[in-house]
Amino acid sequence: MADLTIRNVGKRYGAVRVIDGLNLDIHDGEFLVLVGPSGCGKSTLLRMIAGLEEISDGTIFIDDKIVNDLPASKRDLSMVFQSYALYPHMSVRKNLAFGLQNLKMSRKEVTRRVDEAARALQIEPLMDRKPRQLSGGQKQRVAIGRAIVREPKLFLFDEPLSNLDAELRVQMRVELAALYTRLKSTMIYVTHDQVEAMTLATRIVVLRGGKIEQVGTPEELYNRPANLFVAGFIGSPKINMLPATIQTGPDGQRQLKCVDFAPFTPGVLPDAGAEATICVRPEAVRLGAGQVQTTGTVRLVEYLGSETLVYLDLPSGQSLLFHGSGRDSHKQGDSVIVGLDLADMHVFDADGQRVAPAAAQAA
Amino acid sequence: QDRSIRHFWWGNPTRDERTFQVIDLFKAAHPQIDVSGEAIGWGDYWTKMATQTAGGNMADVVQMDHGFINEYVSRGALLPLDEYVGNGLQLDHYDDGANAVGTINGGLYGVSIGSTSQAIPYNTRVFEEAGVEFDPLNWTTEDFAAACARITEHTGGAVTGSEDLSLYIENFEVWVRQAGREMYSEDGKIALTVEDVRSYWDFWGELREAGVIEGPDATVRLDKGMSELGIVRGTSAMTFRYANQVGAVQSLMADPVGAAMVPHRAGMEYGHFVLPSMFLSMTRDAGDKEAVIAYINHWITSPEAIVTLGLDRGIPPSEMGREALAPHMSEVDSRVVAYFSGIQDKIGPTPTRKPKGAGEVRDNFMRTGTEVVLGNMPASEAAERFVEDAGYILERAQ
Amino acid sequence: MGRALLPPPFFANFRCPLMRRFFSRNLPGYMFLLPWLLGFFLLALGPILASLYLGFTRYDMVSAPRWVGLDNYQYMFERDRRFWKALEVTFTYVALAVPLRLAMALAVAMLLDKGLRSIGLYRAIFYLPSILGASIAIAILWRAMFGIDGVVNQALALFGIQGIGWITTPSTSIYTMVVLAMWQFGSPMLIFLAGLRSIPRDLYEASEIDGTSPVRQFFRITLPLLAPVVFFNLVLQMIEAFKTFSSAFIISNGTGAPADSLLFYTVYLFNEAFRFFRMGYASALAWVLLVIIAVITVIAFATSKYWVHYENERD
Amino acid sequence: MKARRKKRARNARLLKHVFLIALSFIMLYPLLWLFASSLKPESEIFASLALWPSDIQWSNYTEGWYGLPVSFTRFYWNSTIVTVLSVIGNLISCSFAAYAFARLQFNGKTLLFSLMMMTMMIPYHVVLIPQYVLFLNLGWVDTYLPLVVPRFLAADGFFIFLMMQFFRQIPRELDEAASIDGCSPFKIYWAVILPLSLPAMATAAIFSMIWVWEDFLAPLIYLNDIDSYTVPLALRLFLDQEGQSNYGQMFAMSVLSLVPVLIFFIAFQKLIIRGIATSGMK
Amino acid sequence: MADLTIRNVGKRYGAVRVIDGLNLDIHDGEFLVLVGPSGCGKSTLLRMIAGLEEISDGTIFIDDKIVNDLPASKRDLSMVFQSYALYPHMSVRKNLAFGLQNLKMSRKEVTRRVDEAARALQIEPLMDRKPRQLSGGQKQRVAIGRAIVREPKLFLFDEPLSNLDAELRVQMRVELAALYTRLKSTMIYVTHDQVEAMTLATRIVVLRGGKIEQVGTPEELYNRPANLFVAGFIGSPKINMLPATIQTGPDGQRQLKCVDFAPFTPGVLPDAGAEATICVRPEAVRLGAGQVQTTGTVRLVEYLGSETLVYLDLPSGQSLLFHGSGRDSHKQGDSVIVGLDLADMHVFDADGQRVAPAAAQAA
């Protein structure tokens, strides 16, 4: 029920431009995830959509209605604040019920919804406490609860799960997904957790410095990052980046020359002589033969339980990260063969724009 | 300068200025004595005085009022001056009886520094315009009522004849004395009768009924300041004051103010008496008593000082003082002095002293009178109640 | 890591561990309270106890106080009609003036809290009557305004209402004092303003998001979060109202007139003490008032648990 | 549509201003009257309530200033000394006590707090005399000590309680953070609590300035020498209910005596700004 | 220089027991990570160590000195609050310098340390802002900065990286690790991020409901969880849990019987007849033959970029999660062979206590 259109929206604090000429169409029923480095303007954007922050330039439409001047209370949306902003003088129960009572809902319905949310968020034993008697994670769950009971047409979540433990986070993710399925509301969700972004999003927006770097489905972003920034930002552990130069090969075809590998051609390349960057995801690196290959030495093995990170030194001294399963048994100092496949490579030009492959397959 | 005394008085800018000049004169004459002058307005004066008395830190010389002097004397806060009379303190030039009120239980506790008597200040312009002819020094209550009616009628009610004096116990006191009685008996009991009170309130009640004096709205504000007097605000032509205050009334008004006697009831006495408007007293806490006496003496004997002080504190109670002052008087001053001289032969004996609790009786008179003025109680009932209450009050105050 | 350690506090080498513990726990508190403790025990307590003692004496401020036991209190409760009258006047005033004044102050503070231009000017203007306080000018003006031909009646005449002398009619005079109190709402207003400004904005934002109407926001968010300040104003205004002196004193010329309808408790007390030289009786009056105020204050504090929320209180 | 909404918002704002301006006039009337009276000839002040004097008399100001045996220059100087010292004393000592009551733990806190509240409940007039005797014995009468020293000893419970209520609203975590940062309780008070209670401190400063500046009972009782009088006490010198009063000059000086108060108010009310205490919190 | 000994420490809020008879020895120079579900008492414990929370029972020693009554300011430690608690009236620079100035450090040294921290935390452009002008993540970094500039002997971190993006989080982790290496201070660190816990900790403490469930190195916790709770809590995605019964096999040996598999014996088992739980990490599951095996159907494939989660239905209807690399290409509805190795199994008795294998190898 809520299409959201953002046109040339900008936000300035004095001389500081925080959001800069932003355009975005969010369709009804979308689950849009907003990611980006700390301080890039995610919260600000959310707050502008909510109507809490004045819009310096541009226009925001909800369902084709300009809402720039519509107060937050009339926008029929709910929001989880990054800072929670729980009402300190109300018990948890009242915090949850407050928004519903504003809607003049029947007492029974309020109780039903509140109880249901409390159950889903596992805060039932805390219902009569005041916020100051809660732990960080408990507060955060109450904040989520306050947003979800209202079931509006638009949800805004600002890092709603950041203070929860892994298990709870998974459970909450499932609850939010279920809520989304049930209500079919539009959701805009800020997170730093890539797993959350990947599993929940229908589309992801990558913001940087108040500008959109790329919008797309999780797969698109992961497999076809539009630029070097997105490539580096999406994916954990971080993608490997190797500098390269474009040169003309003996057959006249343009080739990429990267110091540790023989020249190769991963797709259509721009003019020779230009600098480029080759990116390969750590889990796409093979310790064994590949379409191009070299030798490497194991510098460090980081053991993370279910997975292992192997830091490799290439002959030129460049570093390369290999991401393997928890069963991997390489040891520091081991010599290994390092192989890469052309299909796994992302090539970016000197400006950081993607050049090849024009269309990558799912890795 | 190794001797110093403090003098505390209530005042106003003019009086303060004059008093400081007198202090300077005194210091010039007695270079070894330093006098520090302490002044404040009337309302605050008594609060501060009480506090200092309680703390045992009274100024050496204080200014006293006839309403308060007995309160302080009876509690031992003031010292008798008798031993200094003729022995540093010259009083031989004083009028007879000038210090009668300051003499309590046979001791002289306050030297009068100004005499006064009751008076009815009136707006001469209004009187003239209304064509009221009367003898200010000899008129009756009927004359008074007629004048009120005439003025009210002439001005179409814009100016009434007089303020409603129902609540002025000072005016009432004259009424009582006209009948040959005193307010209080020698032993500090009520001496007036219920009939005195009733008749007084009924007299004013009739005028009020007739609409020739100010209405209750103006009347029931008690202890009005000068600025609130009907005569000052132009809503009435007469009020009650002591003679020495007529000058002050004049200072707030553009029209010339005259002074008349309190009208007497036909066939009765005049009821007026002379009383000191202020005293100088020496306090229990006085340190250098010699210096105090020298200071007081300077006030009453130095012609320079008397001229400096002017009429502000009342009319000098000595022939010598009045003579010294005569060339320096303003027009209104002259009128006041003329008035004072004119009533000399109509003056009765000094009243009995006011007992402890007299101040509270005064409050009670105003309070009970208010009920009458507002029409909440008939005068007869109120009069009984007042006399009864006054008895209680005096009893409790002893 | 070499680090300049603070010198050990003087009580560190107290032998008795209990003493040590007592000091380490309490010392900062007592140190900060030291000025107040000194002031209280050296300057305030003595006079207060003295007044308690004087309440049992007959004391005319010149001669020494004379012990009379409970006489003062007995007289007060059994025979003193004016005491009861003073109580009636004072209670009426407190019951009306305090809530009205606070409501006025809060309403204006709310108006001024929202970003208006020239807000500083308004603040100053609204504070002005309070600056004028209980001056003689105010008394003169007030009597004139509410007099029979005053501005108030002139305004009423426009509506065809025949006015009366509001101050000089015993049954209405107290209300002019209430109006005066309302008019001088500056101090509570300023405190409310400071309080309103301390409310975290994000709570307003949250309630906006929750779709709260302005009225509901006021009652459910603003007011509860302002509760500590409301409580302060309530208690203090109540105490001050019980002790109202200056304005009543000057408007009634110190007498409580007309017909004792402005006989505020402290006006009565002042007259007893300073005009009729009954400081002993006045002290007794004072202690009765103190007990009345204390009881009401204690009740206020007790109920505050249920409506005043302190975010930082440990429980 | 947007325009209409804007218009409605503007109308609401306009309405608010109209209301405020109307209210302002009611609030201002007495001051205007006072000012007008200060320009009127004596005989006109009480004859009418009109705001416009028939003849503007600035002489009330010049003559009022020098109209008393001691000039107002002196009274202003006296008042300034007393007020400056008192305000400083009040702010320091009351905020100390408030900090102790609001933030520190110590035995007997409830009892001491109750006693503090009690000092506010007792009618001042009955402690006046015992207090006078006390100061007299200390030899402080006729000096400024009785006016100033109690302010340094947190005599005014009003401010203690006021500051307490505001201190209690500051997130305790900030104290804790400062404590972790190695701050002594004093440093916490000084570097964290005080700067964060600016609105409250400004309010307290305004009140305490105004009340001290206008206080006349204590100066009346404790100051004897006219040279040491404060402005409000000096104003009382003009008035003699029973005799010659100088209302015009008194009003002129009253108007002038409001000037420092107004300046102080306008300067300090700016500090009643948006509280920021929670912006450092998550 | 900071040994920390916690003896029988308890904390009550009214009737609520938050910490209950806790014993813990933290050695000088340790990097102790505290994990546990939301509301289990981590922050409370930290605050008690810091001296911010009164200790209801027990004793805390720092370097053998009882510190129960020592005020926080005298404990020479620094702390990152879960709620940041920045000084709102000070600029970022002053926030950082404040603690140092209290130490009466030279101005130059203060500037040096502050600048260094600002650089490490990438907040240099923000130094003159007030906290209210910062984003959530920026505030959090300032909070970290305030703690690290002081270089005390004991650091307490309460979820210090929760609001940072993935890349920054890695960088901050590296900075903290470097700090730890440089100062050799003791660190106590609360986190919900398993990667942080695993990479930073010398030991991990698992708390639940105010009690310690297990203390050990990251490997110990991962490979040898002491009980069912730890097994479930550590590891993401969550470990697979299969109910089983202990029975006596035909050879008289005790066996485990789990409905979807043939009976097997993973080690010494308790009495027959008892209930037990078998746990297998998702990444230890094989889609292919194993020591025990069964068939399964792919119910759902969750694609997370570098990794893939495959939810399998076993014949009995039980669910099993397989965690594979991002290259995995199973599709919903596929039939697969599911194999498990005995060495990868953790067996817990009916009380949730570990029974076998007594000593597991690294998986």
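When the chains are written out, they are named A, B, C, D and E in that same order, and each has its own residue count from 1.
Here is the rule we use: a contact is a pair of C-beta atoms (placed from the backbone, for glycine too) under 8 Å apart; a residue touches a chain by one contact, two chains touch by 3 or more.
Which chain is which protein? Per UniProt: A, E = Multiple sugar transport system ATP-binding protein; C, D = Multiple sugar transport system permease protein.
Being a predicted model, the structure only gives us computed values, none of them experimental.
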Chains in simultaneous contact with chain B and chain D: C
Any chain in contact with chain A as well as chain D: C, E
Maximum inter-chain contact count - chain pair: C-D
Chain A and chain C: spacing of chain centres that average the CA atoms, whole Å: 57
Between chain E and chain A, distance of the C-alpha-averaged centres to the nearest whole Å: 23
Separation of mean Cα positions, chain D and chain C [Å, integer]: 15
Multi-partner residues of chain E (at least 2 other chains): 13, 76, 82-83, 103, 136
Junction residues of chain B - those touching two or more other chains: 43, 47, 50-51, 54, 223, 225, 227-228
Multi-chain contact sites of chain D, meaning residues that touch two or more partners: 46, 129, 171, 184, 239, 277-278, 281-282
Chain-to-chain touches, reported pairwise for every pair that qualifies: A-C, A-D, A-E, B-C, B-D, C-D, C-E, D-E
Chain D to chain A touching residues, read off their complex: 1-2, 5-6, 9, 281-282
Chain A residues within the chain C interface of the complex: 50-52, 71-74, 76-79, 81, 83, 85-90, 98-99, 102-103, 130, 132-133, 146, 150
In the complex with chain E, residue positions of chain D that touch it: 171, 173-174, 176-184, 187, 191-192, 195-196, 276-282
Touching residues on chain A, where the partner in the complex is chain D: 66, 68-69, 82-84, 136
Residue ranges of chain D in contact with chain C within the complex: 13, 16-17, 19-20, 23-24, 26-28, 30-31, 33-34, 37, 46, 49, 92-93, 96-97, 99-101, 104-107, 109, 112, 115-127, 129-131, 134, 149-150, 152-155, 158, 160-162, 165-166, 168-172, 184-186, 189, 199-200, 202-203, 206-207, 210, 214, 239, 250-251, 254, 258, 261-262, 265-266, 269-270, 272-275, 277-278
